[in-house]
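Data block below; observations after.
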Amino acid sequence: MLMRDEIKAAAEAVLFVRGEQVPIDELVEILDVPLLDLKGIMQELVMEYNEKKRGLQIVFEDYTYLMCSRAEYSDFLARMNKTVQRRLSPAAMETLALIAYQQPVTRTEIESIRGVKSDKVLNHLLDKGLICEAGHKAVLGKPLIYATTQEFLRIFGLAGLKDLPRLEEDKKNVRQINRRRDND
Amino acid sequence: MGYMVDLEAFHGPMDLLLYLIDENQVDIYDIPVALLSEQFMAYLERSGEYQLDMMGDFLVMASYLLHLKARMLLPAAPGLEEEAEEDPREELVQKLQQYRKYKEAAEQLVNLQMGKTKRVFFGNRDAFAGENEVLHAELRLLVKAYQAVLERFEEEEPQMHIPQEDVNVHEKMDEILQVLNEKEGSISFVELFARAVRRRELLGLFLALLELVRQQKVAARQEETFGDIRILLRVGNEDVDEG
Amino acid sequence: MLMRDEIKAAAEAVLFVRGEQVPIDELVEILDVPLLDLKGIMQELVMEYNEKKRGLQIVFEDYTYLMCSRAEYSDFLARMNKTVQRRLSPAAMETLALIAYQQPVTRTEIESIRGVKSDKVLNHLLDKGLICEAGHKAVLGKPLIYATTQEFLRIFGLAGLKDLPRLEEDKKNVRQINRRRDND
């Protein structure tokens, strides 16, 4: 069994690493401390953070604990000009690549090549402004067609779509895909 | 010993060599080169399907071992007995130890990753990424993703499998001599083996090369350990000059 | 101008939100405090964290500050994190270890130690963001050199490169070879 101070320290570490709201039940499980004991200990910890006017605080709400920065220091945080680099998920990258090379393309076409449902990943790419809806295909059902945007060209450093690197096997594959599409 | 060996289990020739040293319970400072090179070759011959591009690395090591074995058989030059004679195996021992050091380091890193040894954890940066985020966009990754999805798509198509016929070592010997004639008597090891399409063919080509070296029809020269090897056509007893 | 305690609190907030190593120059800019003053204040802050045996610590290395969990609590955190860990192949781990200990290092140097072509595995590690290209070596051909990234430190739980596990020195081994030769 851990000492009171150790439990506090371990709870700090857990909340720090998670950086999101952690339900009290989960904390009970991770730290292996009975619920009632933990509640009391966490109350003390929250108060310690508040008394010392630290840069961080622990907020208890809806049976969850959240470690976050204190509102007083939000100005500094806004001043951080350092940008965070985000990577696209493999699924998003793959879908984006398909659209880039095969545009304009419908969702059904994308899904038939990827072999998986792609509505969520398409919405994600739309939100990021990397693709846009570019009208409707003139076939039964008039499905939406997707294309890449200026933003896409900008972040990948392309002057235009014709600057996309050509693949050796590209032509053959496109033919194959078209064939498959016709068969569907 | 008719079982197939999974060469894929070894991430390279050094790994296989270390395995053989452990298996034979021999001293790394006194490696029985003849025995190990024999076993090493046996592994290559008995191995199942293997990535072609890595097979070349195994063959480079095999040829190094054979070369070492030959040097060990040479009698010590007379008159040099007073000087401390260099053990031809010393370089290999050092390389093996260096390699083993990083192999062990890799295990330690895995322990750290899994939290089996004490480690720290960074904060969850994903929780706070706000307006300041930029997408890490690299054209190379986009192209790679496209190639991967197309490959996956192609795999679903039924494909023809061409049955493999066995490879004749004598044919391969003729082939090497012919290539050497076309290339004015000199070709790099890597270039020569890049011609082979299948694993069996690679091995046949390698055995053919060994036989040609034995018959002194070609010579193999290696500038540095594990570096590329130049295959040279021998005319009479003279090496063809490079360049 | 901020009070000493306010500067500490603001620095805490910044380090917390960034969740990675923050260069001291950047901290000077964000907090608008002269470098020398900031160094002293941060030294105090680091000590305060250490004295109280908290769950978090601030580590100063290579002119950067990093807020991270304390190693004592790695058991709880490892248990919690288990599901998100992805394993690298043995070949990738071996190459990564080599780069970590030998950096900066060229591809040729890596291949000479591993005895195998390593371009694919290097690309894989680059894609994962675990290594980066860190300039060119000042030798003939100016080959690219590789180094590990912040992401590497994050994944393997190191506050800095000096925390890499100690390896058995190969000096000892070299001595052994020489001794043995003399005995023969």
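Letters A, B and C name the chains as they come in the text, with residue numbers starting at 1 for each one.
Throughout what follows, a contact is a pair of C-beta atoms (placed from the backbone, for glycine too) under 8 Å apart; a residue touches a chain by one contact, two chains touch by 3 or more.
These figures come from a predicted structure and were not determined experimentally.
Ranking A-B and B-C by contacting C-beta pairs places B-C first.
Of all chains, the one whose CA centroid is most distant from that of subunit B is A. Centrality by Cα centroid goes to chain C.
Subunit C has its Cα centroid 25 Å from the Cα centroid of subunit A.
Put simply, the C-alpha centre of subunit A and that of subunit B have 41 angstrom between them.
Separating the CA-averaged centres of subunit B and subunit C is a span of 31 Å.
Multi-chain contact residues of subunit C (touching two or more other chains): 16-19, 67, 69-70, 72, 77, 79, 81, 129. Multi-chain contact residues, meaning those touching two or more other chains, occur in subunit B at positions 121-125, 127-128, 136, 141. Residues of subunit B touching subunit C in their complex: 11-14, 29-30, 53-54, 56-57, 60-61, 84, 87, 90, 93-95, 97-99, 101-110, 112-125, 127-128, 136, 141, 144, 225-226.
Only residues 13, 16-20, 80-88, 90, 93-94, 96-98, 100-101, 113-115, 128, 130, 155-158, 164-165, 167, 169, 173, 176-177 of subunit A touch subunit B when the two sit together in their complex.
Residues 5, 8-14, 16-19, 22, 26, 29-31, 53-56, 67, 69-70, 72-73, 76-77, 79-81, 129 of subunit C are the ones that touch subunit A when the two sit in their complex.
Listing the residues of subunit C that touch subunit B in their complex gives 16-20, 57, 59, 66-72, 74-75, 77-79, 81, 85, 87, 89-91, 93-94, 96-98, 100-101, 111-117, 127, 129, 153-159, 163, 165, 167-168, 170, 173-174, 176-177, 180-182.
Across the interface of their complex, subunit A is touched by residues 121-129, 132-139, 141-143, 145-150, 152-154, 156-157 of subunit B.
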